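Structure record follows, encoded as structure tokens.
Letters A, B, C, D, E and F mark the chains as written, and numbering starts fresh at 1 in each.
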């Protein structure tokens, strides 16, 4: 046996998780997607992910033959179909992709038909080598490459037009091979890293960019929920490099790693350069909430791969 | 037999012209490409296309194992390998795609390796139903969706992050099902249509946008060359909606169709709403230069498909 | 008898509600104005309208010989003078216009003198054919024409320089003859329609644009007051196309029609494409507050004209 | 007898040169216009003015029942009809105004019909008190009020939405009661004064702003024509405050006064603060070209009014 | 005896409070600084000033050999060392300056070494002639010179690159010799005056610009603290000229004068042109809080110099 | 003996080349300056430097008591006064600084008086360690710190508000300790490096940014003059990162080093990563024109310091 993907209602071997070079997804980055992770093999915030995905599809006028319930069902089916392909201590990484399909001009070779593809693979791949970052923190670089303002390309709609994020990664690594990029928009406001939302702490308050030129991350929302629950005051507001560099703490959130401290920006230590108290507190509360010690998991996986 | 594609030095059946959903090209639109056409089965401006493609790869720091000469050779090999798959009156459409390859995190399923893919298929597919436009002209709509300024995403570097162009097409078709979009940038300057450069004529002069937030099209350059040769004065300058709507003539250029009149913008006739003299003159000179009546070809193909 | 207008303290026949082509108002759009409606023949929010009008005059340095109380008195006088010209079931539409007067260079033909003009006519004219929109909702189009940022021309100061709104209307009607335009500003933030403020609903919250590049509508404020009174949480914030299109409900507010559901944006249904609950609730509360069923009025008028 | 205006083919007394407050022109500044002057009672550049006016109407989608030739005829008719109303040494000021007409909602009081109005009056009114400026020059102030970029409101399309120009005039006069405003756009590039184009001289070259966020003045074009004829090199380019303030000479052009030196900007002398050589040369050449000493006229008129 | 300054741990005569023309501070404005005042000879908000200064140094990567406590100590030492140089009724003005030192290329003449300089002098100098402004208010002019957005030059980091503020002062004084400039940023949002934060009052609410393109003034924060304490509602938000001109009250805050009413903007009275109630209330509360009647002090000093 | 500076007509020892921390120059970066070099001990383009300096002073409204001829004389006097302080093979570096003087509030300690200071020192200091760059080229980094647009702070007016350039240098050195920054403006257009203009070569053409958001360098103009003389076609135009990175050659020009090849941008080789032909040609022609082999000088100086 081996992992199988779900495509338009049919299970196919994982190696068929491909898209034609004539697909609009390949030619135009014209597909919406989202990626989940599980905690204790339960997909995290599945409904929130699907809601956003369908919102994204609506915004991009993506034709789609499956509704919320059918997609949810398909995800569970995919998990079920692949359940024996994962080690006991694995978690799932689930990737749902929705495309408009091949362009009509290629109808002589390909069926011009939208598709939904759901793939699943071990989360440990995504987290490879990252466990040390929970303790050391991520160094970041504010890049000269700026986030595309959402009036040009909607960052709130997760799609495959992300070359500039990719180039920002390369730029960050030119000054520090471990660094992640921290993008700003045209106004100099911090947006996000590649696939990770940014938070800073100042005094007893949590700050995160207004959710405008960045993805409205599910993990971001989860942290805001934790803050509300545990009465940490927070503000969504325009943050600038100055605010980030002079903050007491900073961290990233994203689906695969949940929360990662940012300990350096442009070579300058954030606070005392250690993982901050609020960051640690939120990490603990997250672990409690999902009943899964994702730090420990990450460490274990790093030891065994 | 059937058409075959060239991939990293090997010929594969056309149905293998696919990319993994784990490829950086799929995930980030992270690939450079170009598309050529032939006249009388000779690829047009092959060297100019390759020069630009390699420039694009340099700018996007795309690793690539083949140099100019190897790529040129590969294209000719692909043509040769597929020569019997085309009707006598066909022309070639050649599509070269260069990717960074699958992301390292997926190395357990896929070889993490850049690839070059060269595909070839009948040009008539691309031109289906377009022959009447040489006479009627293309209606265009200035869309609310704007071109992404090249400081955010380099439009001069032909890549697959083109969702906003796609959405602009959908927008244009909302007011007129035949309409093509005409994009403007943040300053209100005309850039291009989806994959086509824009020209206008005023008095005896030809105008085209400064080559900044648009592709520096090979056909665009060819038209400028024809203008120089035939002593038509031209200017590359910032053009606004006002300039376009009040022009005497307008046309698009692009590789597959060469040159197409624009006869309407936002429902307003350009000039008298007919194909203009300068447009016709340049079309004729182009046909003479390539010794191939592409209008006649397009008409013939439309009759037989 | 017939309707009469008030001009600088004198009543004149309605056909003299004109301005010279040499008036600064005609040449420069250089006049401030506001328009009211009545409920049960009582002018609605008369004082708020006058306050804003005088604020507008101050900002545009408009010379004006009448103070708040004199203007208020003049409006009541105008109503009184015309009271027999309206049917029993009519409501008043009142239009106050304040101009700098003819330019000095034309002093040989015209007295160079600021003027205030107050006109009154049946509100049913303005609402002609609109009654069905309360049930069907208004389709809207995000236009390529953008709102003029207030740093160039103060949208908070109601004046007659509104050609771009007019052109936006024409643009919207090109894709749908029933559509109203929805303007965005240079940052892609939603501003308003022509003379109507925009609201959206998401979860249990009401959203409306920060009152910056739009008119600070009296009806807008009234709705915010209703929200406060009935404990509907609301936010004034930067809203983008994405927020609007993926909202659960949306509506417009403006003086003549009070509140109108927006059921489509760019051809996409808002929520389920029906009038939303919050919209309905606010409409009812408005009707209660003014003790006048403006929906029923609009329907009745449409049947009789 | 008295002056008469031409309105939709009919002559009316001058006092009927009015527009309803319900006219789209009054409500939205929704009308196109142009103004000419005569030299020796011959309208100057009549055809160029009409061409631009019709281009403006096209851009603003203004319905208009008269073509170029009919409008030209109507202007000559208006001159003829009023010929005895002008003194021998007068020149004509001709004002053509084209409107979409009253809004449909006011159809119960007004005929909803576009109109063209042509008025004529003595040019000396416009030039009152200006003769001394030919010798002293105009002091100018770069205002905090900026020109509306043409992507928001097309400055190349002469219409009545000019309140911000009016406010810029008031601003300029706050620092110097004689000063005219010099507007810059959002990029800090000089555009124009209220109804006048700007030129500067540096070395032996003439400079004027790229014709983008300003009117493409007929007088501006005439000066460029004079420059070509007399081999003065010129450039249309982005000019900034720095360029203007450090220029050797500067001047304005506009239809009524033709050419006026700018001798001060922001209180700083331009060059030596006197009328420059190139300005004088162009003035002389203009006088020669039109065989009419407009300086002398202006002086004479100022003595007699 | 005479006043002495503290420089890198050593006391020097005041006339040695100089910097080489080869110092980076002179060549690049490359130094951070802050200025304090005392109330009753106690430095006001010393710790807040030092915190911000060190934050500024961090942001500008200024090398600095002294930590918070050492700097605090040095300031107190400077006060102590100069205590007999001040009249009994004087207050201190303390100026701390931190520089990167001379450029390495000048190492043959100067020691390439960062320096900290602390100078102290009578506050009355700074306030000379200002006492009448507490009663009359400051007239302000919105200048054409705009605040440099912090993405280009961080206004939150107090440094010596302030030429444009200086030029804005000159501009303001061109329309009114008593006027102070009121700067706006590129979006037309009010930022600050030269070294003073702006507040306005509307209804019962206090407004001040979002602390983005202006200094985050210590006095500004103190006023916000007073507002919190005395339950005056306040908002930090984007304020435009319209908001300022139509406000009921306005005032400036800054270290030397604490709080000064703004009674005119662009020649228009703010409210009734008198010092407003909220302004007065906050002034009183400030005086109470610091137990020092700074108004009275200013008046007394003006009488004796 | 030792070097002496000229200050307001008086010679002072070099250690008095200082400015008070109360000088407007120190507090606001409020001074204009220029720096020259000599070839064979003759100051290069002295008149062009003075012209620009005086233009800068005019723009910044700098009061100045010396005219062109007096300043020129003072420079020659300074050279003469210091002639025995330079080695035979030295060249002069001359630095002229013009300030508004101490602020009036400090009049109790300092004379409030503008000043002009002229200093002179060996050029070899400035060029220390740079000789190898003529052969190796300069690696450059496009920084996230952007050039301040001249509408905020006039880059054409050489003044001391250059902190952001300084920070850009630090940023560039984070990715490569040898790298110089290459700044872009808000539109992504290349401006300059810290004190050096940028050129690129493409085909046979020379390109350099439109002289808008950069200094209009004297060396830049000299290179354009050489190009004209030797019939190398050139264009001043908007250049973007794409243009620079894909150019065949690139170089910097500035007064002290004249011309330096740029061989890398963002880690990518420019052309083949060697000094280009056009760069070499222009260097040779420059050497011929000034009859001074500045390369050889730089090498010699590097060997002896």
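Structural remarks
The rule is short, and it goes like this: contacts are C-beta pairs under 8 Å (C-beta built on N, C-alpha and C of every residue); 3 or more make two chains touch, one makes a residue touch a chain.
Predicted model only: the values in this text are computed from it and were never measured.
In terms of residue-numbered contacts, D-E and A-F present the same interface, as over half of their contact pairs agree; the other options in A-C, A-F or B-D do not.
Interface of subunit D with subunit F: the two copies contact each other largely through different residue positions, with under half of all numbers used appearing on both sides.
These two copies of the sequence, subunit A and subunit F, are related by a rotation of 180 degrees on CA atoms, to the nearest 5.
Each chain gets one centre point, the mean of its Cα atoms, and the points for subunit A and subunit D are 58 Å apart. Centres computed as Cα averages put subunit B at a distance of 47 Å from subunit C. Centre to centre, using the average C-alpha position, subunit C and subunit E are separated by 44 Å.
Residue positions of subunit C touching 2 or more other chains, listed in rising order: 61, 149, 151, 184, 186. In this structure, the chains touch in the following pairs: A-B, A-C, A-E, A-F, B-C, B-D, B-F, C-D, C-E, D-E, D-F, E-F. Listing the residues of subunit A that touch subunit C in their complex gives 55, 58-59, 61, 149-151, 154, 156-157, 210, 212.
Taken in their complex, subunit E has these residues touching subunit F: 14-15, 17-22, 24-30, 60-61, 95, 97, 100, 105-106, 108-109, 117, 119, 121, 125-126, 128, 146-149, 151-153, 159-167, 170, 186. Chain contact summary for the complex, subunit F toward subunit B: residues 184, 187-188, 238, 240-242, 245-246, 268.
Residues 141-144, 171, 174-176, 184, 186, 266-267 of subunit D are the ones that touch subunit E when the two sit in their complex.
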